[in-house]
Every structure is written in structure tokens, then in C-alpha cells.
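Two complexes, one shared chain (chain A), two partners (chain B, chain C).
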Partner chain A sequence: MNTGTAGAASGRNGGAAVRLEAVDKVYSTEKIETVALSHVNLEIASGEFVAVMGPSGSGKSTLLNVLGLLDAPTTGRIVLDGETVTDLGDRRLAALRNREIGFIFQSFHLIADLDALDNVQIPLLYRPLSSRERRERAETALGRLGLTARMHHYPTQLSGGQQQRVAIARAIVGGPRLLLADEPTGNLDSKMGEDVMRILEEYNRDAGVTVVMVTHDQRLAERTGRIVRLFDGRQVH
Partner chain B sequence: MIRHVFKLMWKRKRSTGLILCEILICFLVLCGILATGIAFTKSWLKPLGFDYENVWSAAIQGMQFDAKGDQLAADRRALSAALRAVQAMTEVEAAAVSTNTPYSNSSWIDGTRIGGKPARCLWTLTSPDLPRVLRMRLLHGRWIEATDGALSYEPVVLSRSLARDLFGTEDPIGRDMPVFNEEGEPVDPKEEAEIRRVVGVMDDYRRRGMLEETAYTMFIAVDFDGGERFPQELLIRVRPGTTAAFEEKLVRTLRSAAPQWSYDTTRIESRRRTMQMSMIGPLLLAAIVAAFLIATVGLGLVGVLWLGVTRRTSELGLRRAMGASAPSVRRQILGELWALTAVAVAAGAAIFLQLPLLGVDFGAGWWVFLGGATSAALVMYAFVTVCGLYPAWLASRVQPAAALQHE
Partner chain C sequence: MFGNYLKMAWKVLGRRKFFTFVSLFGIAFTMTAMLVAVAVADHVLAPSYPETRLDRMLVLASVAMSGDRASWHAGPGFKLADRYARDLPGVERMTIYTGPSESSSFLEGRKLTFRTRGTDAEFWRVMEFAFVEGGPYTKDDDEKASRVAVIGESARRRLFGSDPALGRSFELDGAEFRVVGVVRDAPLYRLHSSSDIWVPIRTITAAGFFDRLVGECEAAFLLEPGADPDQVQAAFRERLARVEFSDPALFHTIVGLPMTQLELLARLGSRADDTSPRLVLALSLLGLLAFMALPAINLVNINLSRIYERGTEIGVRKAFGASGLDLVLQFVVENVVLCLIGGVVGLVAAVVVLESTVLVAADLALEFHLNWRIFGATLALAIVFGLLSGAWPAWKMSRQHPVLALRGGAS
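Let's turn to the complex of A and B:
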């Protein structure tokens, strides 16, 4: 385990998967300005497994949103696979999210009206694929997570751990190079949490996918390659 | 994506049921309005079959409809005298007596059967000058003549559509009018006391104007010598430039020829305006009510869609995170609405098109219903698209980072 902050970090595969340069994120209302991220410089190497830690309100989720191109920084630059993406338009950002990035959320965010198979197919709906191809890929992803028997189950018919596995299948089905997980074990008991962590580790190790995981769990964080700590929107040592 | 949209729609059938019902009702209302519009347009484009300008009507008040014996003979003489007196006026180009006059509310109708089905036919009892008065066009054969009383049969002239539907492509001239018994079975016309034989075919006579479908019409000569029924109206074509003072002179002339009756004179043009208003008025009212209904449905639709977008904030955020661009979110919201519309339109069309299939076509023809349903579907799609634009735009504005925090 390597506790790191700003600057270059070498991953197993070398080269930066994503780099934040002097990123600020300020949320403004008429009366209040809230600084969520302040001058964050962070480079995550390709194939790296990074944990992001910090107290509530320290900017962990904002950092993940900025890394995942869900939120634009107020100032600063984001470089994804060598390409500056800060000024890209909505369509291009959406395409990058679709092809390059997978998301895993604490509350799973599965669509209750769709079964596991249909939930996993969602990212593929925004690609020029036939329905057969989408189905096959989703079945493969669910199979890798041991959910073949559950693919026609609806979220309410699945346990928390199974729901999170479906969410992981949805995140990896498109073959992303960067996987962003926001407290993926937060809603799970320790056994299920361990199960999810093991899947992420395997995916990082076997597929060489860069993983950035927000967590409050020191024990899980220590299993990653590096820990990035935030406090009041700033990186801390 | 289409399958995905239909799957979502099916899974959310309870919440989408309200929108579906709104679209269905709106579609059915539109079908009715547009089919009526198509029927009227079709009717409007057909020739009227007569010319109403410079034509006066003098309706006789006080003539007994079922007069008999001496009274009948006196009426016969008086009507003939009144007609002759009017024809002799210098302002008059032509005059005739007739039933079923243009833009009149009273009708003489006889029942017949066409193609095995009961049909109504305007039984127009008239005198030889009617085509000159109304400038009607003879298509084939001849018109009734004053000397027809000497014939062994009763000559009749048919409107084009009646001749076509009775005799098909065969030449109707010289054919006897079919006769049916009370059970609707055909009877040999020669067994009847009086044979009606076709001597001519006129253009269709749409006496109630452009907004009326073509009615079957049979013209029969009034018999001033031995007839038992007489028209109670004179139609008079005046020369161009005849002033309004003619009306007073006309009444004076009629009163001097047949003083036992009174006369109600009007210009046919004025009757036309009144009738058109009475026909268009209710339609206009129905259209206004329908417009309000559609506007209400539109507002309801926007509201329900808006609420739907709000409820689905988290899902929309997820889709954006998974790679949906703002335009693809807009397309999805509109696509779901179009899919719902497809279901509502299919159900509505299945209901609406039952009417002509069950024979309830109000004489308009099945294609008017098909045209109504097709155009209503197109209008409905445009309508729901307009209603869905704002909610779809709102959906596309959902910020994924914020939406994913939304529970």
C-alpha cells in the first residue's frame, strides 16, 4: 500500500489514465459559495487501484464526479488518456463516459422496472449495437459476476450484494478503462462488502482496468495501491 | 432502443395508463373532427348541381296538403294559374313549381332499395321549367315535358348517383323503376298500376348546398290535370338586375291569380346563408369545444410528463452517467411518448374504424373514416411532440452528478 497525494504515480501499465491539473470546483448560489475541491492536482496511472478517503463533505464524491466527467471543474484541466477533455461538448463527454468510464454507486442505482439483464444493457443502448449483441454482452458480464441464474430477476428480488454485482456488471459491460466506485460497499454488510471488493480487485488485476474507489473503510482502502486523502476539498498528506 | 422503450412502457403501465387514456380520447375526438372535415371538403368540392343566384321562392301558405274532390280541383286550377301568371311577368326568366326546393327544410322523401339495402330518395314533384329556373344540367335522355300526361307510363328523371346505383353501368333510359313489396322483395313493375320509367338523367342535385352529401333524387312531373298531390312552392328565376321591388310585385301577381292563399317570398341566396349558418354553427361550436378539450389534454399531458421527468431524475442521471447525451435523453422521452401514442392510436383506430365496418358511416364512405384516422394520427403525433418538447428539454437538462444524489 502506498499513501500518495499529488503528482505522478506510476501504474503497472505506465502512463496516466487520468490527470487533474489545478482543479477547483465551487458550487455557487445567490448567497453562498461552497468550495468542494480546491486546487487538486492528481494523476492516476493506467491500471492503478486508488482509494479516495476523507470525512463527509471533504469533496470525495465531487472528485469522483469530476474524474467521471459528470461534473465540470470550475477551473483547472482534466486530461483523460492524454486528451484534454475539460472543454469538450456534451455529446463528446457522453461518448467518453460511455466508452471509457464505468460507474458504481453506493445505492446501486438500478432501474426498478427492468430486470438484471436489461439493467446491465443500459450503457450499450447508447452504442450502435444490435439487440442480440447487447444481450450477449450483458449475459457475459452477468455470467462473470456469477449472476447467470439471476439475470431475469428484478432489483427488488435481489439481495444488496447481488444488486451491487448487477451494478458492477453494468459498469464493466462496455469494457471501460476507468472504473469509478462511490462507496460501493457502503450499503452492504461486511461479507457482501468483501465480495464486492474482491470483484473490483480481480477486475483491476485481471483486466488492467484503472479503479478509483471512494470509501470510508480504512481496511478496504489499505488493500488498494494508493490512498488519496481529502479534507475540505484539499488533498492532504 | 425501441424494445427498451416499449419494455419500460409496459412495466410502467399503471403510471403510463393515464397518458395513454388522454391520448386515446384526444385521438378519437380528432378522428371525429377530421373525418367530418374530410367529408365536408369532399362534399364541398363536388358540383352543386344547380344555380341559386337570381332565384326567388314563393311558398304557398294555406294550401291543404290532402285536399280532395272540389277543393283538390280548385287547388289544381289555382296553382296552374299562379304559375302561368308568374311566368308572364316581364322580370321573370323562368318559373316552376317544385317540392324539395333548394335550401329548404321540408322534404318529400320516398323509400326504395338499392343493392338490397333501404335507401331514401328525394321525390321531387315538379313542372317542366325547373331545369331552366335552377340551370340544372341534363346528362342523358330528356327532361319531363308538359305532354307527358298522354303517356302510358309515368316518366321520371333520375339524379346521376341514383341512376348509377340503381342500374350500374347499364343505360337507365327506358328502364322501369324497381318496385319492392313491404318485405323489401322486388316485384315486377309491370304488375303495378302505374309504371315509372326513366326518361332522363340529371346531374346530382345537392339542394342543401355544399355541406350536404349527394342525395338520391327522382324528378316526377306534376299533373295539373288529374294529380292529387302538388308542390306548395314556386321557384322563379328573375332576369339579372331585377330589383328588390320585384318581391312586392310578385306577391301582388300571385294574390291576383290565386287570392285564396298567402305567400312567403324569399331569395334563395338568403335561404342559403341561413341554412349554411345553421349547419356551420353547431360544427363550429363542436370544433371550439373539441379545441378546448384538446388544449386541456395538452396541458394535462405536459403536466404528467413533467411530473414523470421529475420522478425519474435519478434514472435520467444514471442514463447520462452511462453515456446518454442530452439529445439522446430528449429522444428517449419523446420516443416513449411516441410509443405510447402508437398504442393509443392503434387502439383508437381499431375503435373508430369499427364504425364503417359496422355500416355506421353516415353515408360518408369508409375512406373518409380511414382518412380521418390517418390524419388524426399525424396530428396526434405532432401534438404529443409539441406537448413533450418542454418536458424532454427539462429531462435533457438534468445534471447527472446532482441527479445521482436524488432519491
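Let's turn to the complex of A and C:
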């Protein structure tokens, strides 16, 4: 394990998967301003597995949203695979998220109206693929996560662990290079949490995918390659 | 992609049964009301028995005569139509007839009332009645004011029971008429032809009837194929400028236009001056849109409430690469599918309403039946309704910030 902050690129494959340069994120209303991130400099190397820790409200999820191009920094720069993406438009950002990034959420965020197979196909809908190809890829992803028998189950018919595995299948089905997991074990018991962690570790190790995971669990964080700690929106050592 | 939107729409509608039911009920009810209106309008406006060539007919139904101190607004008088409306360029045939008025007949001590029209012989060549007995009266019959009549099947039943009527006589307003023809009944909404009994116009004995510029007649013009109605109207307007008035101190101006059926209906209740009927028509169409907008706004509200319910889905889709346009298309397709299903339900309900009306009001010889125009209107209305009520919520949904949406909230 390695605890580090800015510029601590220690990925096996070398080269920055994503880099934040002097990123600030401020939420403003008419009366107050909330600083969610303050002058964050962070470089995550390709193939790295990074844990992000910090107390509630420290800016962990905001950091993940900025890394995932879901939220734009107020100031600063995001560089993804060597390309500055800070000022790209909605459609270009959507295309980048679709191709490069996979998301895993604490509360799974599966679409209740769709069965597991259709949920997993979501990222593929926004690519020029035939329905047969989409279906085959989704079946393969579900198969890898041991969910072949649950393919046509709706989220409410699945346990928490199964739902999170469907969500992981959805995150990896498009072959992203960056996987962002926001407390992926937070809603699971320890056994299911361990299952999910193992899957992420395997995926990072075997597919060489960069993983950034927000967690409150020190034990899980220590299994990653590096821990980034935040407090009041600032990186701390 | 489009196929997937359809599949998604079907799944969402199937799984959200309560929302689907509430929405479908509203859409189907609206569609039923609009389709009944469309069906009635179609049957009044479109060519059908016996006005089978209504699409190339103009009708002069009202005129307004004015002077410095008085004005008179009514149908054209016989003299105006006879002297100034004949042989207009582009007109193949022209007929003069009265509106249906009530006449009485006494049969074995019982008083029977009938709607009666006076018509010239050309009437039978402009309208296309189906004769079940005999034929129409002739120009000669009209010029000699022969007391002959064409009657409808309902009138024959009332006058003669189930027996043939040809050659038989009956009494009408104190005079005896001989039946020369029996026609299939014309529906009540065939405004220029429907009646129980038709008699030669020159049998009318009302004082001054044939000398009036303004009176109780109508004139129908069957245009030559391809003729421009605007040119016919312009030619008639020129004729009106040359009208000779018997007392110019009282009346010196007369206006009125032969109009298409659509223009005539659009002007219902308004004066027959010669300002453009198209303005009234445009206003009527706007009214129809407003009628459609009310339920559409209701559906917009229901759809907007789904923003809150499906916020997370929008966030997830955005996170995995959906652009704003993708989301707009998805939700619009969902809404159009819903409206098309509502349209089918509405169509079935409208057919039930129309066929029931035909059965209940059998005496009026209504012919409100489904046809391809109504079917086309259903499709068009459903799609317009779907777009109208789906576009704004879809756009609003697509603008949601993905982070807010993932929290399940709507911005």
C-alpha cells in the first residue's frame, strides 16, 4: 500500500489515465458558497487502483464526479488520457463517458423497469452496435459475474450483492479504461462486500483497468495501491 | 436505436401500470372527443351522398345588402342568383334552391309535417341522388310549375306505407302533388340537399319570391375540374358590383361570396360580407389546436411528475453516455407510443359512440361510419398530441444535471 497525493503516479502500466490540475469545485446559491474541492492536484496512472477516503462532506463524491466528467470543476483542468476535457460540450463529454468510464454506485442505481440483461446493455445503447451484439456482450459480462441464471430477473428480484454485481457488469460491459466506484460495498454485508472487492481487484489486475474507489472502510482501502485522503475538500497527507 | 426506444417504452408502460392507466384514460378520453368531432366534421365537410362532388362545389348561402340607413342579411334571393350568378367562368353547372322549410300534409285526418325544398331541375344534375323509384322532375316541369315532387324513402313510408309511390298523389300545403321519383334519404347534415320532399322551385307562390335580391334561396356551383375557386369568387364579386337596385335610396350595396363547404362552416354565425373567409378558417383551426392543448397540458403535467420519479434513471443514462438528444428522443418516443395506444382505444370508443348515435337517431339518416380519413386523423392527432405533450417534459428531463439526477432529484 502506498499513501500519496499529488503526482504520485505509480501504476503498473505507467502514463496518466487521468489528471486533475488545481481543481476547485464551488457550489453557489444566492446566499452561500460551499467549497467542495479546493486546489486538488491528482494524477492517477493507468492501471492503478486508488482508494479515496475522508469523512462525510470532505468532497469524495465530488472528486469522483469530476473525475467521471459528470461535474465540471469551477476552476482548474481535467486531463483524460492526455487530452484536456474541461471545456468539452455535452455531447462530447457524453461520448467520452460512454467509451472511457464505468460507474459503480453505492445504491446500485439499476433501472427498476428493466431486467438485469437490459440494465447491463445501457452503455451499449449509445454505441453503433446491433441489438444482437449488444445482447451478446451483456450476456458475456453477466456470465463473468456469475449471473447467467439471473439475466431476466428485475432488480427487485435480486439480493443486494446480486444487484451490485449487475451494476458492475453494466460498468464493465463497454470495456472502459477507468472505473469509478462510489462506496460500492457501502450497502452490502461484509461477505457480499468482500465479493465485490474481489471482483474489482480481479478486474484491475486482469484487465489492467484503472479503478478509483471511494470508501469509508480502512481495511478495503489498504488493499488498494494508493490512498488519497480528503478533508474539507483538500487533499491531506 | 429507435427499436430500442420502442422496446423501452413498451417495458416502462407495462411495468408502470398505474401511471399508464391514468395517462391512457386521459388520452383515450381526449382522443374519443376529438375523433367524434373529426368524424362529424368529416361527414359534414367531405363529399358524400348525395353531395358526392362537394369537393368541387361552391355555395352562395348568404348575402348582405346595405344602404345608408338599413341593411339586410339573409340568403340570396332568386333574382340575384338567377340574373347575376349564371354562367360564371369555371362553372360547369349551377342550381338554385330554397332551404328546407316546413310543409304540412293531411292524411286520413292526421297532420304530417315534412321538410320541403323548392329546386330547379339542375339541382338533380349537381347533386347525385340515388333514385329507388322514377326520376327527377325536368326543366319543363319547373318552367311550367308542374305540381310534381320527388320524395325520400322516409316520406314515402309515412305517406304510402310500404307501397310504391310513383305516380301517386299527395296533398302538400293545400295543393296536390304527383310523385315522379323516390330517392334514398339524405343525411340531415347534408346541408345543401337534405329534405323530405323536393318540388319545382317555380311552384312557390309566395308574393315577390322571384323578384328579390335577398331572400330564402341558395345557389350551388359545380366547378369545372381544375377550376380555381378564387377566380369564380372574383368573377362573382364583379357581378355584384353591377347589380341594379330597385330603390337605390334604400339599398345600394350587396356583398356575398360563393364558398367552399369548409369556408361556409368556418363562417357559421358570422356575417356574409366579403372579407376573406380564410381568416375565420385560420381562427377556427387555432381554436381546434387550443382544444387539443388543454388535455396536452394535463399530460405534460403528468409527464413532468415522472421527472422526479425517474431522475435516477436519467442520471444513470447520462453517466453511461446518453446525450441530451438521446434522452429527448427516448421520452418523446415513449410518449408517442402511449398516445398511439390511447389513439387506438379512443378510436374504438369513438366508433362505438358514432354507431350508437346512428342507431339511436335512425330517423335522421346519419351515416357516421369509420373511414380512412378518420383513421388517418387518429394517427395524426395521436402523433401531434404525443409530440405536443412529450417534447417539453423530455427537454426538461434532458437538461437535468447528471449529479442531481443521480441523487433522484429534479432541477
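As a convention for this text, the second predicted complex is superposed on the first by the 236 of 237 C-alpha atoms of A that agree within 3 Å, B and C clash if a C-alpha of one lies under 4 Å from a C-alpha of the other, contacts with A are read in each partner's own complex, and residues count from 1 in each chain.
Everything below uses one rule, namely that a contact is a pair of C-beta atoms (placed from the backbone, for glycine too) under 8 Å apart; a residue touches a chain by one contact, two chains touch by 3 or more.
Being a predicted model, the structure only gives us computed values, none of them experimental.
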item	value
Clash or fit, chain B versus chain C on superposed chain A	clash
Partner chain in contact with A:N98 - chain B first, chain C second, else both or neither	both
Chain B versus chain C as contact partner of A:H216, first or second or both or neither	neither
Touching partner for A:H153 - first (chain B), second (chain C), both, neither	neither
Clashing chain B stretch [against chain C; choices 76-84, 112-120 or 184-192]	112-120
Common interface positions of chain A, toward chain B and toward chain C	65, 68, 70-71, 90-91, 94-95, 97-99, 103, 105, 109, 111, 113-114, 118, 122-123, 125-127, 131, 170, 174
Chain B - residues contacting chain A, complex	1, 3-4, 7-8, 11-12, 314-315, 318-328, 399-401, 404-405, 407
List of chain C residues in touch with chain A within their complex	1, 3-4, 8, 11-12, 15-16, 312-313, 315-326, 401-403, 406
Chain B partner contacts - residues on chain A that touch it in the complex	61-62, 65, 68, 70-71, 90-91, 94-95, 97-99, 103, 105, 107, 109, 111, 113-114, 118, 121-123, 125-127, 131, 170, 174
Residue ranges of chain A touching chain C (in the complex, touch as defined)	65, 68, 70-71, 90-91, 94-95, 97-99, 103, 105, 109, 111-114, 118, 122-123, 125-127, 131, 170, 174
